[in-house]
Structure formats: structure tokens, C-alpha cells
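Presented sequentially are two complexes of chain A, the first with chain B as partner and the second with chain C.
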Partner chain A sequence: MSELKVSNLRREFGDVVALEDMSFDVAEGEYFCLLGPSSSGKTTTLRAIAGLEELSNGRVEFGGKNVTTAPVQGRGMSMIFQTFALYPHMTVRANLAHPLIRDGQDSSTVKKRVEEVAELLRVTHTLNRKTTTLSGGEQQRVAIGRAIVRQPKLLLLDEPLTNLDAKLRHEMRAEFKRLHRELGMTMLYATPDQLEALTMGERVGVIQDGKVVAVGTPRDLYQMPEDLYVAQMVGSPPINFLETTASADNQVSLPFLPGPVAAQGVGSGQPVTLGLRPHDIELAQDGSSRSARFKAKIHLTEPLGDVTVIDVETQNATMKMVLREEVAARFSVGQDIEVAFDPSDLHVFDSNTGSRLGPGASQ
Partner chain B sequence: MAEASSTQGGFGAWLLDPKRRGALLVAPALTILFVMNIFPLLWSFGLSFFNYKASSQRTPKFKGLDNYADVLTDEKVWERFQTTAVIVASSVLLQLIVGFLLALLFAKAFPLRRIVLMLVLTPMMLSFVSVGVFFKLFYEPTFGIVSYVLNFFTTEKFVMLATPAGAIAGIVIADAWMWSPFVMLLVLAGLVSVPKYLYEAAEIDRASKWRTFWTITFPYIKSLLLLAVLFRTIETFKLFDIVYIITEGGPGSSTETIAVYLYRTGFQFFKTSQSSALAYIVLFIVIVLTNLYLYAVNRREAEVS
Partner chain C sequence: MARKYREIGKAGWGYTAITTVVGLIYFFPVLWIILTAFKTRTDALAVPPKLFFTPTFDNFVSVFYRSSITTGTSQATDMALYFFNSIFIAGVSVTAALIVGTLAAYAFSRYPLRGNDTYLFIILTTRMLPPIVVIIPIFLMFRLSGLAGSYWGIILLYTAFNIPFSVWLVKSFFDELNPEIEDAARMDGASERRVFFRFCIPQILAGLSATFVFGLILTWNEFLFALLLTGVETRTVPVAMARTMGGEVGVDYGLLAAIVTLFLIPIFFVTFLLQNQLLRGVTFGTVKK
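Moving on to the complex of A and B:
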């Protein structure tokens, strides 16, 4: 059963269309990520679902009921804001207890529940402090605690990791997954970071200009991106694009390759964009299945510790590839290397429409 | 060149030398401040220890603290302090209520908000004298607007300022009319400083409107409210112009504030030394209040940063 059903949301701010036609479904207990660049409408979507945003059109169904115009308070959802939005004049304890006040439970029940949540999020030691004295990570945990303390059926998370430093982000990603597993609630997570979306989401909805343009598991989106936009949104380092024209039916040629390579679904003379993941390019080795070999010059190296991203330059094209650090250490900038890829790893897109051709194409 | 002109120019050039220019520019202000404020202040402080009468030719004699003792044991003085306290308390309370409600109104956007806001702020910018004259005319029994309106309901002639209570109410209303916008400005500053996301978080937390006000809005405006109370208390404590114009302290002495009494002692009864002593007692009270005010300001700053 679909727990949350969002259909055709539209929201305008003056002349700016924030949401054009936003539709997607989230199943009960699912961890769903909305992935999109900033100002693509993620926040507005979450706010609309929570009821904080007035819509010009569209429908929000939750738990089988139409809640499009229901008051915020009655929707049974919680939201974690990008700014955390903790109450600055209250202690952590009061912040955590705040959502429970409406239920009119006696104070010992509230106290017990608050302490349970504090325990779960490891903020027990901060309970009697003002929220303004907490570190970023602690504030984040309190914000999560406040959102889950009344056990909402749906948790909306609006870029909750954006204001944290890299190390904390990494920790919190694992934390969110743990919480999802332990609490079993439906989670809708908006983020501009493909890494967050791919590592946490069970399914990811990719947003472009106020619309969901693709929905799928992280694996699907990475391996079979539906179009150019999805291909470049998902994957790090970003996918390499090569513009060319099909030399014959189901064949493309690239200037730096000696002969044409197979590309399913293209017609002769069709302008196509080829996508090649940096991870699919390797050093050329004899006897390898990566049959498309070419020579290139190293243009730039970005060591990341365990791996190194290398920009290689060949005729008319610059491509990123990833090598293990100890392998990359053998090369230096300006050096010529021979690299190879498997033509079946190529993602083929129609240059005009941007949509995928060949295996996995939607048509 | 510059040296040549300075030797040639004599005194004028010497005076305009960049080294002295700053001092020269502040000199007029300092002179006026000294002649009009500091000297009279010190002189009157000295006078408060003598038995000087501005209307008599006798050489003043040193009386020590006798004037202070006289003033503090004078029953009249305590009565005037009580009158002042009643006016201060009711006026400040009224200003708080009206100012607060106005702030709540102007915190929301509505058509012509800016223009209406400007109009609401004008009383604050008028002079005390004109406000006093306005209200004196409003309360005028034969053609004043108050009695005119009341004539629709009753045939009895309404003389607002004839009873002590009515006179005090009249002054309180005039003062509150003038200064409620000031309280409104402070409260409004507090209201707009509340981050909008806190209200949204409260909505998500299913907090009632009432609770949202107390847990979110009030903490942001409470220090500003305190400032408003202190500032208005200090100002109203010194209230003179409006009272003097509307009632002249009457009927009887029922609206005679400490400031009016001070003026009478000094300039109608010419008890110059005693009035100086009383003035210094008032000054002391104002200094205490001002320090409370400054303490509140500092606390507010510490909170905001």
C-alpha cells in the first residue's frame, strides 16, 4: 500500500514556478530520497506535504486520506528543518517534550519518553542545557529527537546534513539508516547530495525544475540512468559525456578509437551523447574484456586518499577516470597512458531529447 | 608653502592648524553644554545647601542638609510622589497594552500598512506642548470632542477635568496616546526578530496558538518589553508639560506631579534652595532607574549576540 501519494503539486511564487508538476509515491516504511540541485523544489515539496505551503494545484494523500488542505497539526507527520529550528530559549529536555504537550500525557510519561529518545540519540548528557550551547551534531540529534519523539508515521527531512561538517555528515548518514531500521517509520529525505541519496535511500526520486523526472533504486539510477540529467546527477565523480554521431545503425565511432563500437538502439546519422562512468575506465591490460583501448595524456590528478581521480585528455575529449591510489602513484601529470573501457558500459543517449537509447530505454 | 602661510596668517592660521581643528569644531557645543547644562547643574547643587531665594536680596546662608531634610519630611512632597506614581503606573500600563496590541496588528502584512504605520507613529513626534493643547481642547466641556460625543448619550454636561479621577484619566490618556507608538516600535522589533521557521516547527509540533506565543514569541520580546517599561517609567516620572497645560496640576493638587510641584516651588513660591534639593532627589531616582535601564539594555545585547 502506498502510504504517501503526491500528485501534480504546483506552487508558484510570483512569476517563479517552484513546483511544476510534482508527483511520486512513497510506500509504507520506505526510505525515499528526493535528489535535486538547490532551488529545484525539494524543500517546497516537503513543506507542501507537511502543510506549510499553499498549493495552486495538486493533491497530497497520506495513509489513504486526502490531506491536501488539512491543518499542519493533524497530519501525523514530523519534519526536520535544514536550520534544525530548535527553540533557542528552552532546554533540550523542553525541546524534546514540546511535541508531546498536545497529547496531555502526565509528566512522568513525557519524562520517560523524552529520556528514551535522548538515549536513542545519545544526547542524554545535554538534556538540561539550552540548545544554543550545543554543537552542530548535538543540535542535529536533538532536532531528530524532537521529530521522532511522538512517533510520527512519516518523517520529512529537509537537507538535514547540509549544515554539518563532512565527518559528522558521514556519521549521521549511518545514524539515519539505523533510526530507520529501528523505528520503522516512513522517511522522506530531501538532499542535493547524490552520495546521501544513494547511500541512504531505498528508492530515489530525481527532481528537475519542480518535477520528478526519474524514480528508482540507487542501483537502477546508477546503472541504467533514464536520461542525461539523471546520469549526471547520480554518480561521483560525475559521468563523462562524449558527443558524437552514429556512424551506422547500432554503431558509433569516436575520434580516439581505431574502429566503431557497438551501441544498441541508435540509427545511422543520429546525434548521440555517450556516457561513460569514470569507474568503467581502467588501464589497458592485455587479455582484458575492456576492448576499447586508447592513448591519452594525464591532465590533472586529484588524490582522494584511497583512490585518485585522474583527468585524461585525448583528441577533443577530457575524461575522468578513477585509479587506486597505489596504481595512480606510478603516473604523473603530462604523462601518456593507455586506457581501456568495455563498449557495453557505454550509456547511449539521444543528444536531442536527452533520453536513453538501447538497453534499459523506457520506450 | 603651508609653513609660510601659517607664519604669515598669524592668529587665524594658528587657530585653523589641523592639530587644533578638532578642538575648535567641538568648542561651541562644549561651551553651550557647559554654560547651559553643567554650570547650572553644579550651581543648583551648591544652592541646595543654602537658604537662597531667587526673589530676595538677602545673602544666602549655609544650611547644610536642612533643605533635604525639609523636603523629605514634607507631607506634600510625598503626596506629589504618590500622584506621580499613580500616573506613571497607569500610563505605562496603558502604553504597554495599546503598544503591544498595535505591534501585533502591524506585525502582519495588510494593504497600506506602511502609510498607516507612519500615521500611528506621528503622536510620538509631536511636541509635548501641542499634545497638551490638543487634549485640553478635546476635554473642553462646551465644544470639546469628548463632551460632544457624550452628548449623544446623555444630556448632562460632561466636565472631564472636574474630578480628580477624571483629570488623572485625562492626563494618562494623553500621555499614553503620545507614547504607545514607542512601545509598539520596540515590541514590533522583537516580533519581527522571531525566525519564521520556529513558528513552523511549532506548527509541526502541534502547539496551540497560545502556547506558541508563550514559548516562542514572548522570549523574543520580553527583554524589549522590559526596556519599554523602564524607558517609559523614567520619562513619565518626569512628566511636566502635558500636565501643566491640561490641568495645571488641578483640580486642587490632584494631578500635580512631582515635576509640576518642583516647578511651583522654584518659580511660583521662589523657594529656590528647597526646589534644588528636591530636584536632586528626583535626579537621584532617575539615575537609579536609568541604571536599571542600562542593565536591561546590556542583558538584551548579551542575549542577542
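Moving on to the complex of A and C:
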């Protein structure tokens, strides 16, 4: 049964449509990520679910009840804000205690719960300090603590890692997964970062211009993206796109390949966009299943430590590929390289509609 | 040998010296008045002015008790009442304006109306008129309505005069706050009233103090309206001061300086008390939250 059901949300700010037709379901205990670029409506969606935003249309059901117009107070949800939104005039202890006090818990319960949560999030040493004196990571953990202290049924997270440095982000990603496992609450997590969405979400909803355009597990979205937008939102480094026209039914040719390659679902003469993941391109090897081989020139290298992202240039196409560091070390910028991919790894999209063709297409 | 670097954020001696000199130039008139308050009539009028003299408290005594020239007996003056009037009138009207202004500012900031800026502008226009222009109609209105000479009349007027200033200033403080903090409080279960009193107000206390002090200084020193709209019983110190000039023995500079010195004390005291808050108030929003 779905715990949270969001249907057809619409919200306008003057002439700007923030939410156009936002619909999705979140199951009980699920970790659901909303992935979308900035100003695509993620924050507005979370705020609408929390009751902080007035809607011009739509319906929010939570725990089987329609809460669309219910007051903010007492919805049984908590939210972690992008700015953390800690109460600057209060101590950490008072921050953590506030939701419980408002719930009318007695002081001994409040004290016990606050200490439990502080322990869980390792902020016990800060309890008597003002929140303004905390480091970024501590502030973040206090914000999480305040959101989970009353054990809400639904936790809304609005880009909670955006204001943290890379190392902390990495730690906190693991922390969120741990909390989800230990506390078992439903979590709705909004982020512009595909890495966060893919690593944490059990399911991911991809947002474009105020509506959800695709929902699926991270694996599905990565391996069978429904359209061009989803394909470029998911995956790092981003997918390579190649524009071409189908040379015959179920066949496309690329200028840098000697012969046509198979592409299921295309009709002759149809303009198509081919998507090729950087991880699916490798160095050409004899006897490899990667039968489409071509020569290219190295344009740019970005060493990431364990792997190196290489931009290769061939007849009017630039593509990214990923090589292990020790392999990449043999090459330098400007050098020629022979690379290969397996035509079955190609994602084929209709250039006009952007939707997927061939295996996994929705039609 | 390692060169000694000046601590970052700490001014060197040169800057400190320049600032001290500029500060002294600013403070000089105040210092002059305070010194004059301790001078005898002869010392006060001496040419060239005396920097070193035997101080006397006679001027301060004669602020409150003055011997009559004709009978030679000591008589209490009304100055104590005027000091009370100044404190009472300025205190009540600035506080009232701050309360009304804060409520209005919160509404303007959080629940903007259609044409919000126009309303704010209209509120400010009342302060654009030179007081001298409105003094005659106001005087007539006060006389007809019986407000002239009463405490409530002058308090009402000062409150009305302070409100635009309070609304504008306090609104800017509310605008600086992170609205997500209020949303977080709401989600925790705080009512709207609680959000305002327990979450917004505590965050802008510094700003409210600054607004209070600025309003207080303006009202405390106001002369024109006080002159025309207060009566014998409700006269404020600036008006009383003006009346000590002239009289049967010419201007008694020592006495005048003594009144001014006493007049400075309350405002000095309030400013000093709120000093820390004030500094934060005037620099509000200039530093990263």
C-alpha cells in the first residue's frame, strides 16, 4: 500500500509554473528520491506535501487520508531543509526538544529521547551549545536529529547535502542509508545530484519542469532510460549522444564506423539520437565482443584517481570514455587511440520525440 | 629572523591614533557643554575660553532650586517634572511605535499584499513633509479635539511619527531572516503566534534595540511639536531649555549646559545598556548568516 500518494499537483508563482502536473507514489518504508535540476520543482513538491505551499490543483494523500488542505502542524511529517533551518537563538538541546515539547511529551520523555537521538547522531557533546557555534557537519546532524526525534512516519529531505563539503557528503550519504535501515521510516529525498539519487534511492523519480517524467529503480533508469532527458540526468560521466539517421530498418550508420550497426526499432530514414555510456566504450582488443571499432584522437583527460575520463574526438563527434588509471597512463592528449563498443549497448532514441526506441521502449 | 606580522583584523597604532583624533573632534561639542556645566558664570563667559578652572556644582543645583532675585529665597523649579515628561512621553511613544511597527513589519514581510511596496511607500511619505508644513493643521486639530497640552496628544503624535520609521527598519530585519526556520517551527507543531513570538522576535532583538534607540534619540530631542503642543504640565526638557534662555538676567550658559548634561544622561544610559545589541542591529545582514 502506498503511504504517500501525490496526484496532479499544480502550483504557480505569478506567471511561472513551478509544479505542472506532479504525480507519484511512495510506498511505506521506502526510500524514494526525486531527481531533477535546480528549479525543476523539487523543493516546491516537498513543501506542498508538508503543507507549506498553497496549491492551485492536486491532492496529497498520506497514510490513506487526504491531507491536501490539512494544517502544517500535526501532519506527522518532518522535514530537513536545505539551509538546515536550525533555531539560531536556541541550544542544540532546545532544538532537538522542540518537536517533542510541541507534541506535549512530558519532560522526562523529552530528555530521554533527546539524549538518545544525540547519541545516535553523535552530537551529545554539543547539546548545551548554541547551534550557530556548530560546524557544518554538526549542524546537519542536529537538523537530522530534530527531524527524526519524534519518529515521524514520513521524512522529507530537501537537498540536505548541498551545503556540505565533498567528504562530509560522502559520509552523510552512508549515514542516511543507515538511518533509513535502523528507523524504517518512509523517506522522500530531493536532490539535483544523480549520484545521491542513485546511491541512496530504492526508487528514483526523475523530474522535469514540474512533473515526474520517469520512475524506476536506479538500475532501470541507468540501463533502460525512457527518454533522452532521463538518459542524460542519470549516469556519470554523462552519456554520449550521437545524432544520425537510420540507414535502413533496424540499422544505423555512423560516419566514423566502417559499416552500419544494428539498432532495434528504427525505421529507415528516421532521425535518431544514439546514447552510449562512457563506461561502455573500451580500448579495442582483438577477439572482444565489442565489435564496433574506430580510431579517435584524445582531446582531454580528467584523472579522477582510480579512473580517468577521456574525451576522444573522431569525425565531428566528441565522446567521453572511462579507462582505469593504469591503462590511461599510457596515453596522453593529442595521441591517437583505437576504441570499441558493443552495438547492443547503444540506447536508441527518436530525435523528434526524445523517446526510447527498441528494447525497453514503453510502447 | 622572522618578521612580526600585525594580527589580521587588528588595526595598527597609526589607524588607532587617527581614529582617536577624529573621535575627539566629534566629541568636542559634547565635552564643551559638559565642561561648561561645571563653570561659574564668569568662567563660562571668559575670553579666551578657560580649559582649567575650579569646578562648581552650583549650576546643577540651580536646575532644580533657584533663588529668586527679588526675595532671595530658594524655590523649587519645575525641571524635575519636565524630565519626567520627557522620559514618559518619549518612552511610551517609542515603545508603542515599536510594537505597532513590528506587527506591521511582520505582516508586510511575510504576508505581502498586492502592491505591498506602494503601501510601504505611502507610509513613508508622511515623513517626507517638513514638520513646519503640517504643524498648523495639527495644532488646530489638537486644539479643537482637546488633545493640545495633554500627555496623550503628544504621545499620539510622536507614536504616529515613529511608526513609519519602525515599520521600514523592522521589516528589513524580518526580510533578512531565513523563512525556512519558521517553516521548521511550524512543522514541529508551533502555532502562528508562537512562530512570531518565539522564533521571529528572538532572532531580531538586536534590530529591535537599534530601532528603539534611534527612535528614542529622535523623539527625545524633538522641539518644534513639543513647543506648540505641550502645555505647562506636559512640557518636555527641550522646550524648558529654550525658556531658560533670555529671562531677566540674559542667557545663563552654565545653567543651560547643566540641563543639557542632565538631558544627555538617560539617552547615554539606554544606548550604553543596549550597546552590544545595537552594534549587531546596525550591521544586521551585512555578514553571512
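Operating definition for what follows: the second predicted complex is superposed on the first by the 363 of 363 C-alpha atoms of A that agree within 3 Å, B and C clash if a C-alpha of one lies under 4 Å from a C-alpha of the other, contacts with A are read in each partner's own complex, and residues count from 1 in each chain.
Note that in this section a contact is a pair of C-beta atoms (placed from the backbone, for glycine too) under 8 Å apart; a residue touches a chain by one contact, two chains touch by 3 or more.
Everything numeric here is computed off the predicted structure, so don't read it as measured data.
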Partners on chain A (chain B, chain C) - clash or fit: clash
Could you look at A:L52 and tell me whether it touches chain B, chain C, both or neither (first, second, both, neither)? both
Touching A:S78 in the superposition: chain B (first), chain C (second), both, neither? both
Is A:T353 touching the first partner chain B, the second partner chain C, both, or neither of them? neither
Residue range of chain B overlapping chain C upon superposition on chain A, of 5-13, 23-31, 113-121 or 149-157: 113-121
If you lay the two complexes on top of each other, which residues of chain A touch chain B in one and chain C in the other? 47, 50, 52, 72-74, 77-79, 81, 83, 85-89, 98-99, 102, 146
For chain C, which residues are in contact with chain A within the complex? 178, 180-181, 183-191, 199, 202-203
Under the touch definition given earlier, write down the residues of chain A that touch chain B in their complex. 47, 50-52, 72-74, 77-79, 81, 83, 85-90, 98-99, 101-102, 146-147
Enumerate the contact residues on chain B facing chain A in the complex. 195, 197-198, 200-208, 211, 215-216, 219-220
Give every residue of chain A touching chain C within the complex, in rising order. 47, 50, 52, 72-75, 77-79, 81-83, 85-89, 98-99, 102-103, 146
